[in-house]
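The chains carry the letters A, B, C and D, assigned in the order they are written, with residues numbered from 1 in each.
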Amino acid sequence: MTDRSIHNRKDEHIHITLNEQVQGKGISTGFESYRFEHQALPEISFDSIDTSATFLHKQVKVPFLISSMTGGTPRAHEINRNLASAAEEKGWALGLGSSRVALENKAAAASFQLREEAPTIPIFANIGAVQLNYGYGPEECSQIVRLTGADAIVLHLNSMQEIFQDEGDTNFSGLLSKIAKVADTLSVPVGVKEVGFGIAPDTCSQLIGAGVQFIDTAGAGGTSWIEVEKYRSQNTIKQRAASAFLDWGLPTAKCVKRLSGMPKPPDCLIASGGITNGVDAAKAIALGADMAGYGRSILPEAVDSKEALLQRFEQLELELRISMFGIGAQNLEALKNTDRLISQNA
Amino acid sequence: MTDRSIHNRKDEHIHITLNEQVQGKGISTGFESYRFEHQALPEISFDSIDTSATFLHKQVKVPFLISSMTGGTPRAHEINRNLASAAEEKGWALGLGSSRVALENKAAAASFQLREEAPTIPIFANIGAVQLNYGYGPEECSQIVRLTGADAIVLHLNSMQEIFQDEGDTNFSGLLSKIAKVADTLSVPVGVKEVGFGIAPDTCSQLIGAGVQFIDTAGAGGTSWIEVEKYRSQNTIKQRAASAFLDWGLPTAKCVKRLSGMPKPPDCLIASGGITNGVDAAKAIALGADMAGYGRSILPEAVDSKEALLQRFEQLELELRISMFGIGAQNLEALKNTDRLISQNA
Amino acid sequence: MTDRSIHNRKDEHIHITLNEQVQGKGISTGFESYRFEHQALPEISFDSIDTSATFLHKQVKVPFLISSMTGGTPRAHEINRNLASAAEEKGWALGLGSSRVALENKAAAASFQLREEAPTIPIFANIGAVQLNYGYGPEECSQIVRLTGADAIVLHLNSMQEIFQDEGDTNFSGLLSKIAKVADTLSVPVGVKEVGFGIAPDTCSQLIGAGVQFIDTAGAGGTSWIEVEKYRSQNTIKQRAASAFLDWGLPTAKCVKRLSGMPKPPDCLIASGGITNGVDAAKAIALGADMAGYGRSILPEAVDSKEALLQRFEQLELELRISMFGIGAQNLEALKNTDRLISQNA
Amino acid sequence: MTDRSIHNRKDEHIHITLNEQVQGKGISTGFESYRFEHQALPEISFDSIDTSATFLHKQVKVPFLISSMTGGTPRAHEINRNLASAAEEKGWALGLGSSRVALENKAAAASFQLREEAPTIPIFANIGAVQLNYGYGPEECSQIVRLTGADAIVLHLNSMQEIFQDEGDTNFSGLLSKIAKVADTLSVPVGVKEVGFGIAPDTCSQLIGAGVQFIDTAGAGGTSWIEVEKYRSQNTIKQRAASAFLDWGLPTAKCVKRLSGMPKPPDCLIASGGITNGVDAAKAIALGADMAGYGRSILPEAVDSKEALLQRFEQLELELRISMFGIGAQNLEALKNTDRLISQNA
C-alpha cells in the first residue's frame, strides 16, 4: 500500500462521513433508554458546578475528548489545527487520527504535530492494532509518540472495517500478545479503542491483563464503518453484503454499563460512539465512564473553523452542566455516583 | 430586573404557550399506560355520585384546581377574573401566578386580588422558591398572602426554567432551610410545586420534613418550560442546548404513584403536569392524589371568556364522574381506594 | 320515552354502525397477542373435524352465535329474518335485539317472532338489565320469552352506553338482587352480557351467585357504544367528553382468559366483542370460551341478504375448521384443552 | 389428478413466488431479535476461517443448502440445472422439488436427474408426506431415490398448503406410522421438512422416534404457502379465509432454538424459512442448527443464470464468514458453541 493510497483514503473518509448517511441502521447507542430523574431541589448554585477532570495525568476542564479522526493530508492538517486550538482553549483532550503515515512520509508528519496549537492539553496518538501483524511494533509506536509529542497512544481495533475495505488488513491473529508487548515497552500509557462496534467485557479483561491502561468503547449507534467503506468499495459483492451488517455492534451505553460493572473495570474508561450531545455524555459518566468522546458529530464544525468548534464545545459543556444541575450533582464525582439515572427498561 | 421586564415576560409566556408547540417531546405523562377496569355492574346511580372534597380547609365541588399561571398585567388580570369567577361557580380551587410583582408594583397587585370574584373557594398565592436566595423571605410571603387574601402560598421549584431563561436566577443552594423558615413563620399552609419536571420521593421527603403541607407534582408530559424559554431566548447556544432536554423530567403519573406510595406520603398531594381531561385526573386520584391541577390546557378558554371556561369545567367534571361510574365508585374515597386501575406494563 | 323514540334509535344504531368509524381507539380485542403453535403433523383428516356443540340444551353445528342486535322496525324485521334463516341453515344460535319494544307495541313484536324462519336453533331474547330499575321485572321477562319463543333471555349491562345516550337510563343501583329475582323466577336460563366493555371476574362471580346461567363477555376491541352514541348526541359537552373514553373497556381476549380461569368459571361462557373471523373465535375457545359471538362484523351481510350471510357463515366456519386442523384438534373438546395457544407476551 | 395439472401448478408456483407478495404478514423469522456480540479482538485471520461441514456423509464447503423447490417442467429443468451446477461449484447441498411427477412421467423425470451437473455434492429428493395416504409408499420413495441418484429423501409436511389448494389432499391421519415405515425400509436417510409453517418440538420428537434422520424447520417468516395458494385459488371463500391466516406458523428462529434445545435434539437440524442472508444463517447455527436452507430468496438468480447464482452464493458465504470473523469463530464448531448470540428480549 503506498502512502498515496492512505492519503486518498483519509480524505475520502472525511468526504463520505460528512456527506453520506453513514449511521448504523436498526441500532442505537442505547442512551435513549436512560433518563435522569429530575431533582427539583438541587441545593447548589449553577455557577459553582465543577466539571474538571484528570486525564493522562493532566487536568481537563471538561471530561470530553475528540475521538481519533484524521491527519496526513493538507485538508486533515487544517482540521487538526482547528481541533487542537479549540481543544486547548476549552480544556478538552485531543485524539489524533491514525498516525502510521507520519512515519512513512515527512510531509504528512507535520499534520500530526500540534503541540504549538495545543501545548498543555492531553494528546494521544493512534495506530491500528492490526498493524502489529503488518510490520509495526513497539519501536514504531515509540517513534509516533515522540514525533507527535503525545501523552499516550491508543491502538484501534477495527476488524469489521478492514473486512469491508477493499485493501483491508485482515489477519487479526495473535494481536493480544503483541499489544501486551507494546504496553510493556512504551514509556507512555497505551490505550485500546474500537471504531464504532464496541468492546465487550471479556475482551476488555484480556486487554487490561495485557497492560492496556485505558479503554475507549467506541460503540455502535453512531458512525458505522461498514457503511463508510461501502461507499468506497469497488467490490459489488462486499457492497451487497454490507447491508446484512448495518445493525452490527455493541450499543455504546450497554458497553459502558457492562465495562464499568466488571469486577475489575478499566482504570480509565472512555465512552464514545454516537455521542452527540452533553446529556448523553452525562449519562455515560453516570453509567461509569470517566471521559466521553465525540467523533463524527463535531466534524462539520472542525471542517468549518475554530470559531464554529468553540461554539459547539460551549454548547456541549453547557448541556453537561445543565444535566448535572438538573440532578443536583456539584462535580463529576457526584455525577458518577448518582442514583438518579433510571433505565426505562427496568 | 425592572418590573417592566417581569410584565413583558408574563405576557410573552401566555403568548408562547397559547401559540407554540411547547409540549415536551419523547416524554408523556404516563397516564396512557394505565387503564381502568370496567365495572359492568356499578350498583350505583349516576346522579348520586359525590365528587366533593376538602382542600385548604374548604369544601370544593370537584377535586380540581387551576394551576398557578399568571397575573401582573392587564391581560393577566382579565384572565384571572375569568378563572376566579368560573372557579367560584363550579367549586374549583384557584392557584395564582407568581405574585412577586404584586409587592413591587401597586398597579400589578390588583390583578392578584380576586376575592370579589371568588369569595368562598380556596385560593393560593405563588412565588418562586429561588427568590428566597434573592432578597425574599417569610415577611414578603406573608405580605403576598395578605394582599391576595389567599388561603395558602405555594413556592415553585423551577431550576430548569431559570437555566434556560436568559435572565434566570440560578443559585438554588441552601433553599431547603429557607423554605423551612417560611413554613415555620407563615400562618397559612405552605405548599411546594414544580413547573413541569416533577418532584421525586427524596425531595418530597425533605420538603415534608421542612414543614411543607402540600406538594404539587407538576410533572412532565405537559408544558415544557425549557421549550417555552427557548422561544424567548436570545442566546443561540442555550437555544440549541434546549433540544437535548426535550424529554427531561419525571412523568406525572409516575410521580404521583411514587409520592403516594412513600412510607410517609404528603398529607395533601396534588397531581398536575399535562393533565388535560377528567379521566387522567381520575387515574391520578386512583394512584393516590388528592387533587388534580389543570394548567396550559385550560388557558385558551381562560383567554376567551368565563362562559368558555364554564363549559370546559363541566366537561372535565363529567369525565371524572363517568370514570367513577364506569368503575362503580360512589365518591372520591372509593376512587382513591379502587383496585380497578391497571398498569399496562405490569 | 315513546315507542317511536326507540324505533328511531334502533334504525339510527344500524345506520351509524354500518357507516361510521365506531370502533374503540387505542384498544384492541387482545387476540392479536395470541398465536396458535402450528402442528405440522395433525394426524387427522380435515373432513373428519367435528365442530358441533350444545348450547341452551340444543345442538349447534358450530359454536357460533349472532350477538343481540336489532328488532322493532320494518328494517330490523328484515335483518332479523335474514339472520334467522341463515342461522337455521348453518346451525348457529341466534340472539335477538332488545325486545322491550315488543311488549309495548304489537306491530313491533312481529320483528322478534322468528320461529318460522328458525324452528330448531337456540334463540335467546334480550333486554337491558337497567330496565329492572325502570318498571320491568320477572313478569315482563317471561312475557318476552313467550312472545319470542326463545330458549333463554340475556340481560345486557350497558352503563357506559346509557351515560352517553342523551335519553339514557342511568340508575344502576341495586340491579344485582333484581337480576337474581329474574333468574329465580324464569323457567328458561337467564344470561348476562355487556355491549362492548366487558365483564370482569368479580362481577362475573356476583352474577353466577345470583343464578345467572351464562355470561357473554361482549368485551372491548370491537364496536364502542360510546362512539355510536356520540354520533347521535345533541349534547356537545357529552360529545367532547366521549373522546376521553375511546379506549375504555376490558379487551375481549383478556376477559375470556380471566373468566375461564376463575376458581368457579361460568357454566357457559360466550366470547364476543370485536370477533371478526374464525381464527379469533378458535383462540377464544382455546382460552376457555364455549361459544363465540359475532355482532357488527356480520351486519353488512345481514342487511344485504340471506345469501350473503350464508357465504360469510361458511367462511367463518372454514376459518374455525382450518385453525383446528392447523393444531390437530379433532373437535371442540380438543380445541378447548389445547396447549398450542401461545401468548406473545409471556 | 393428471400430470398436466401438477405441471401447471409447478410453473404457477414459480411465477407467483417470483412476482407476488407471498411473504406472511404480521410474522417474522425472529432472527431480527437476536444480535451477535461483537468481538473486537477476534485473534484469528479472516483467511483461515473454515466453513466446511459434513451433510449426508459428504463434505460441503459451507453449511448451506438449496431448499426443495421445483422440477417436472422445461422451465423447472433449466432452473434445476442452474442450481445444481452452481451448488456443485460452490460446495452447497441441493434439495430437489417434489419428485412425484418423476414417477408418473418419463419426460418430467429428466428434470430431477442432475448428477451430471452435480456429481459430488449431497442431493436429496422430495415428496409430500401426505402422499403416503394417497397411494405412495416405501417402494415409490425408493424408486425416486434411484431415479434421482439422491443421497437422501425428505418428506414435506404441508397441511396448510393442501387446505388452501383447491385440489388439495387433506387426509393427514395416520401419517406418522407410514413415515416410520418409509424410514425403516429405505437404504438412504429420510428427513422431514415443513414448507413454511415450522415444526414444533413435540412433532419433532415423534418424527425422531419414527426413525427420521434429519429435520428441516422450514419455519414461518418467509414464503407463506397460504398466500401462494390464495393467488391460484378459484374458491372465493377460501381466498377470503386466507387473510385470517397470514400470520400462521412458528417463526424459524424460535423453531431452531426450541428443537436444538430438546432433551434429544435431531442428529441433523436444518434451519430454513425466510433466511435471506448469511448473518441469519450464522444466527441459526449459533442457535443450534447444522445447516441453513435458502428457498424463494435465491429463486430470482436461479431463474436468471448460473452466473447470477454463483455471485449470490459468494455473497451469502461472505456474510457467514464475516459473521464468524466478527465474533472470532474459527470454524462452525466454534460458531455453534458461541455464547455471543444475544436475545434482545431477554
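Everything that follows uses one rule, which is that a contact is a pair of C-beta atoms (placed from the backbone, for glycine too) under 8 Å apart; a residue touches a chain by one contact, two chains touch by 3 or more.
Computed from a predicted structure; not experimentally measured.
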Please state whether the interface between chain C and chain D is built from the same residues or different ones, using more than half shared residue numbers as the mark of same. different
So, what's the distance in Å between the C-alpha centres of chain C and chain A? 63
Centre distance in Å when chain A and chain D are each reduced to the mean of their C-alpha atoms: 45
Among chain D residues, those touching two or more other chains are none
Counting only chain pairs that touch, give me the topology of the graph as line, ring, star, complete or other. ring
Okay, in this complex, where on chain A does chain B touch? 32, 35-48, 277-279, 311, 314-315, 318-319, 322, 325-326, 340
Partner chain D, residues of chain A touching it in the complex: 26, 129, 157, 159-160, 163, 170-176, 194, 197-200, 203, 206-207, 220, 237-238, 240-241, 243-245, 247-250
